[in-house]
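Multiple structures are listed underneath, in structure tokens.
Two complexes are shown next, each including chain A; its partner changes from chain B in the first to chain C in the second.
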Partner chain A sequence: MLQFETTEMQKTPRADLLTRHTKKVLKGNSAAAIAAKLSKVSLVTAYPITPQTSIIEEITNMIASGEFDAESVNMESEHSVFAALIGASLAGERVFTATSGQGLFYAHEVLHAIAHMRLPVVACNVGRPSFPWNIWADQTDSISQRDTGWVQYYCESSQEVMDTIIQSYRLAEKLKLPVMVVLDAFYMSHTSENVYIPDQKMVNEFCPPREKMDDQIDLEHPKAFGGLVGPDMYDKYNRLYWESIRKVESETIQLGNEFDKTFGRKYAAVEAVNIHEKTEKILVTMASVTTTARQIVNRHPEVGLLKIRLFKPFPKKSVLSVLDNVSGDCAIINIDRNYPGDTEGALMQEMKRALHGTPYNIFGVYTGLGGRDVSSKTIEKIIESDFDKTGIDGVIWMT
Partner chain B sequence: MVDISKLIEVRGHARGGQGMVTAFEILAKIFSYRYNYEVQAFPFFGVERTGAPIQAYLRISPEAILTRNYIYQPHLIVIFDEGLIDQTPVFDGLYEEGSLLINTENPPEFFKGKAKHIYTVPATRISVENKLGSKTLPIVNAAMVGAMLKILGADISEATEIIYEEVPAKPEANEKSAKTAFRQVQELTDEHYQPAQNGQTPPVSKEPEWDVPFWDKPMSINKTGNWRVIAPKYEELEAPCTDNCPAGTDVRKFVRLASEGKFEEAYEIIYQHNPFPAICGRVCPHFCQQNCNRIFLDEKVNIGAIERFIGDKNGQYPHQPETVENKEKIAVVGSGPAGLTAALRLRKMGYEVTVFEALPKAGGMMRSGIPAFRLPPDVLDKEIEKIERQGVKIITDKKVTIDELDEKFSAIITAVGSHIGSNLRIGNDELLIDGIEFLRDLNISGKKEQVKKGETVAVIGGGNTAIDVARTVLRLGTKPTIYYRRTRQEMPAIAEEVEEAIKEGVPIQFLTAPVRLKNKNGRHELILQKMELGEPDESGRRRPVPVEGSEYSVLTDKLIKAIGQWPDPFVFSGKEIEARQGRLNEVMADSKTPVFCAGDMAWGGTVVEAIGSGNEVGREVDAFLKGKEWKKPEKNREVATHDRINYRYYLPTPGNPTPVTTPGNLTNNFDEVASGLTQETILKEAGRCLHCGECFNCGNCLNYCPDAAIFIDDDFRLRIDYDYCKGCGICVRECPCSAIQYVEESSLAETEPKNELHQK
Partner chain C sequence: MIPENEFLITEENMYSGALSCRGCGWTLLARYVSSVMGPKTVYVVPACCFSIIAGPNPMNLLKGSVVHTVFAAAAATATGVRRALDRQGKTDANVVVLAGDGGTFDIGLQALSGAAARQENIVFICNNNGAYMNTGVQSSTGTPTGARTTTDPQGKKLPAKNLMGIIEAHNIPYSATASPAFLMDLKSKLEKAREASGFRFLMVDGPCPPGHKHDPDRSIELARLAVETNYFPLFETENGQFNITYTPKTQVPVSEYLKHQGRFANVMQDESNNGLQIIQQQVDQNWKHLSSKQNLN
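On to the complex of A and B.
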């Protein structure tokens, strides 16, 4: 269920569904904009920031030309961008925005509010680092929102960005959780490649309009939202949240299967490539680095690849099931394109948590930070590295 | 052709603004939609300003592309801007069997050693021809797409629809550009290519060290803080053509107007300084062309042809008679270019002016000294008629002296020219025919009996008169030979005229001077002596020195001297007066009316210098009559010399020379030998102007400014927003024609523009 032979299978629709798609050469940012249109988003708020800006530009262009029926509101900051989404989402709208780096950091407070007000907001984040100031590919901005309560998907291709946004509205509205769809700056946001755009009817069937909530804003019956909650009630909200977030992994897999039935492309929480009993090393990756790793795995039968698509909540069950038949000697090498200000990168931390109590050797590599190119040579060097010798507590820096 | 049966990686080098990223996206679409390939097109990610070197990548593959990193070992390197070769290591990492495509005017052989397969395409030329982008920053992407399709073995007809749809503007021009480039790719396969040479790039020349001043005023004055210590400013420099015109014509301006097809406005600009455009377009030595900066790129702009076209085209220009506003009356003696120009200037200033001409027709030397095959008389008639139409009165057949005119006028201008030929002084001078007199007799009264068909004629001299005489007698059926004591290089005659004379079959004996003349049986025996060049004389030309014992003689039927002219002293009643430009104080001693002097009798020797002299004397007389002190204005504007032109931003473009015919049978053929250019060619030729020192709105500064501190104002002019300019000077360095200068911060006026959009 989790094994794919090539990316081709993942990207190209089944032959019987090809006629219901239009092939276009698109950038990751264009794919995100078109996905928002296909998902029939009704309100978009925006504040520009590189390298996200073209998502919002394309959306507002489509709105202006009349091909996208939605409202677009220019805000004065990202804090307001997300705050306005609270109001619109409470009023029953299907909302969308996109941001990057410092914009996302600035919205941090509101991200908590959106999650815990249980609003089905979907936002795209084009990943950037924290500081020193830098605009290139890195996942530190979204990684540092791990504890806000947002579901996070990391995408590998323009096609996956488009498909994931469509799936995210289903998940968000079913579980009443916000979803952040993350793509890498430039390597995806500004790279043009083949994308199969599904026809609107298929998307309508898969993702029907948002259902009316019992507690949404109703002008006839005024209510207050977001008031002070005392110690006697507070933890109850968290408990309810916990119950929902536990369902995300299985819901992701189920949605991926359902998506496959409608569109002919399959998705899950993770993807395993070349992982079997004799696997000696497994590279754990997220987003664009995965593609280059696939090439290396093709050349090394002893090396497997585990792509983490659903990062938050971390898909512990899927990971364990992938490793079911893998020997305990296998080295798990986590490629972290993020620096969370800690001894270990985010993927390494999460994998350690997921594999608690297993015999695997878990290592981590910091690479590709701040947009440093992760070439096939870099990945060859990673699998050749002796982490016990050159690593410090199992961590190496690869530049 | 590049093999595309497997993954192909392409790396491109261009400048921001040339459209490379779009080009690669279009190629990706072509290979995806038409060939069902997997594709990736992406730029080297960065925050880039227009004009900065950028990179982009393209992957095309029949199978899935399993990589998302940059391209380090491309199969094909594409260079959109040849200038980048000196600036960035563009050839690095190319595969041993790899290919190279360069946008260049050079053939592939020029780049030998850089790659095994070398392709070239003149994409800039193609794009400019299709009006894509500006002259300095052409958008070459469609042409480069066409060339790349050729190299990748694609079918251009499959691709044009995608190009048409995907370009942001001008779809037809882009499609055409791509098609043309597809056909114009040149190829070289170098079997001996050694990849070891790869990656060697020439060293970049070191920048001069600047003595950087510092900002010591309050920060509030300058919103850019203390960054800017010197400021760029749009400040015109004088163009070398304008600077060199003796008449003072704004040459650069009329050429620009002509390039825009505004021939009437161009005529008005010329007419402000020169009432004889049709004449000067034909007979002027074109001082304006002599230091044209275009010479350092390819060849000078044919300004003469442009002026001639403007003059001819406006032959019927409706000049209005000017009203007389002043009581003073002015007499001008001589109706040559100096006299008529001065008369017109003063007439336009509101004076009543009368011109006295000794000959039956006005025009002076233009009438009497220039043969019809160089200047048809009707061209002259038209331009004089226009001057008369504006109120200048010309009295012909009236040879006057200052004494006669004294007290009848408020000022007298003498401009009688130099119509008396100098004597040779070799004995038997009475046997000689005077060249200038000969031309005058022929032009005015059609008298040509002095030479007969079949005779041999020796012409002595090396100036325009000698050449004109020789070409004239040739047309009268004689066999002329010119004898000149220096070499062709020192000849004062217009070089083109000498060339034409030789082409017509006039032999010229250089380094030969006459020493004696004898009458021998009704013919002339001319004793000549060989010369050699010695030290330079006061004119700067090398002095001819006789070679001992080199005398020889020739027999000739007729002998015409043309070794120089001097003014007829009749106007001063025979008194010896040293004629010079402006007021003549010596004459003032015994005349009551102030006397001024201009034209050939004062200085110069060409029509245009006489015009300049006429302009000047007109202003001086006006100042005198108004009781103002007059001083000749000094030329102090800085000139945009060739070292200030950024030639990289101009395309070499062949010039359009004036067509000159050499008729098979010259006898009695006085038809004009040079013809004008067509309007289409004139537009092209005027379009070759580099606009030295004058902004021509190319937009290079706007493109290059890293701080977006340059904007276009309501009058569509480029302006600098000094609130945001950081004084980096990139605009100054990248201006093609030196229209932006560095100035001291303190010299910026407070009224300098601020972009309102920025302030909102």
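On to the complex of A and C.
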């Protein structure tokens, strides 16, 4: 099957729901902007950074033309972009922003504050790395925000970006957790593909307006938010956070099923392709590399593909359940398009953690950094690699 | 030298039990501010002494909503609150930032400038005590010449940043300096700030006994001397119109203000009087500059 056919199959709604969608050719960034509108976001803060910029441009244009009813504020930095979202979200608005690379790094401190003030913020990150200057596809920026407490989804297509943003508001507002929706720079942000845009009515049904929370600014019942806490309270708040973050994986699956019922497209925490009892190797991927790997896996009956959609918190249960019938000899090969300054990439680290105590051989590949193309050939080379021989402690640096 | 001080707290919007040091200017200021702004106010507080004074979670010193936020971005968080309230039709609520000089002159300046340039409809109040007092008296760019801090143990050499000049350059509808020793002046300025719309800025002199090293019962007396010596002049700019709001009747040398404060001990004990002369010169030049601005009107 061709790559095009595989991805088309992925996103085409069920036949009975086709008429409730409009098919358009959209860039990933446009899909994100339209998703914010469909989700009835009421306040957006903006600051430009390549390759995210067209998301906020499209949003502000839709607001200016009157087709998107929201408030948009041009801030003076990403730090302020996220700090303003604290105020607006705490006052009860459904908020959105988008950023990339340095912008996300700059906002790091505020990401922690948003998460631990339990604000249901949804932000889109178009992944790019840090220094030396590079603006191309790379997940180092969002990977380095792993410990901020934000839920992270990595998307494979423009369709998935749109659908995931809509689902994210449901998750964020139910669990009071912020969500980061990640797509790859240029390969997704600036690449056009078919997208089925759902009717506004369907989205309204799936994602009703934000409900009033107990813990938000109420002028009639004033409170203080975010004040100093001693060790006891700090411990208590973090325990509550832990209890909520533990629900994310099952909520993601449940929301994915519900989304399928309404829109005819199914999502989960992970996706398994061609994984069975005789699988010898499994490629573990995130975002656009998954699409390339799909067609290669088609040619290799012995090679499976495990796409990680929910990266944070890492969906350990889903991963283990995919491997349920897979032999212990199977090699798990993690494709890391991020460099966290460590001997192993982030995906390999997380998979090792998830598979602790299992017999699997876990390997890793650093590839596609700073926008280097991960082509079909690269995937073939990865499949053919002998990690025991050529890898350094199981890791190959693939150029 | 006794100014009008009949600031009647007509509406008490602060609870007792503020966690401040004795003689703290912050607490007095918060009491006056909350009285004028009323309970339908959202206060946004970056890291500063007031983060502590306002009380630990979930306590709240003020009869009003308080949002504690990150050090560098009080004006940005206030922007978010304001825009959200406006969208909800709650345009009559006040949004007031209560920041220290670090969160205004230094780390908070970018967000402050951004919000001022956007003409966000908020009131930004800086309690200027001239150093990072909450962390134990480190120099900020608001620290004045000669003041001893833990990071300028021999006294700061350079003068404080002219923040009011920076603020004025944003062409906002209202900006002013104020003092807890001139309460009618403070009240009038708070009311003007409340009534104006757009970005409004107040810088209030902040007596700080542990930071400035003086007896707590001298706080107001010293704040008064700061004005009487022209060390902390009182002025406002209302829709572009500059106005000195208090002119001392007699010329009091700046040493009268400095000599009661341990932070200026190096200056006062220096027999050459060099430091004192430099500070007096700065004060005289600043007053001359302000007076000539006044004459332009």
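Keep in mind that, in the parts below, the second predicted complex is superposed on the first by the 390 of 399 C-alpha atoms of A that agree within 3 Å, B and C clash if a C-alpha of one lies under 4 Å from a C-alpha of the other, contacts with A are read in each partner's own complex, and residues count from 1 in each chain.
The rule is simple: a contact is a pair of C-beta atoms (placed from the backbone, for glycine too) under 8 Å apart; a residue touches a chain by one contact, two chains touch by 3 or more.
Please read all numbers here as calculations on a predicted model, not as lab measurements.
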Review point. After lining up the shared chain so the two structures overlap, which partner does A:Ile135 touch, if you call chain B first and chain C second: first, second, both or neither?
Key: first
Check your understanding: Looking at the overlay, does A:Leu90 come into contact with chain B only (first), chain C only (second), both, or neither?
Key -> second
Exercise for review: Could you look at A:Val326 and tell me whether it touches chain B, chain C, both or neither (first, second, both, neither)?
Suggested key: neither
Exercise for review: Figure out whether A:Thr45 sits in contact with chain B (first) or chain C (second), or with both, or with neither.
Suggested key: second
Check your understanding: Is A:Ala123 in contact with chain B, with chain C, with both, or with neither (first, second, both, neither)?
Key -> neither
Practice item. Using the superposition on chain A described above, determine whether A:Ser288 touches chain B (first), chain C (second), both, or neither. Key: first
Review point. Regarding the shared-chain residue A:Glu193, is it in contact with chain B (first), chain C (second), both, or neither?
Key: first
Study note, to complete from the structure: The answer for chain A against chain C in the complex is residues 42-43, 45, 71, 73-77, 79-81, 83-93, 95, 109-110, 113, 217-219, 222-230, 233
Revision key, fill the gap. The answer for chain B against chain A in the complex is residues 24-25, 28-29, 32-33, 38-43, 45, 47, 63-70, 72
Check your understanding: Okay, in this complex, where on chain C does chain A touch?
Key -> 39-40, 42, 44, 51-52, 54-60, 62-70, 72-73, 75-88, 90, 93, 110-111, 113-114, 117-118
Study note, to complete from the structure: In the complex, the residues of chain A that touch chain B are 6-8, 11, 23, 25, 50-51, 135-137, 185-188, 190-194, 288-289, 291-292, 294-295, 298, 371, 373-376, 378
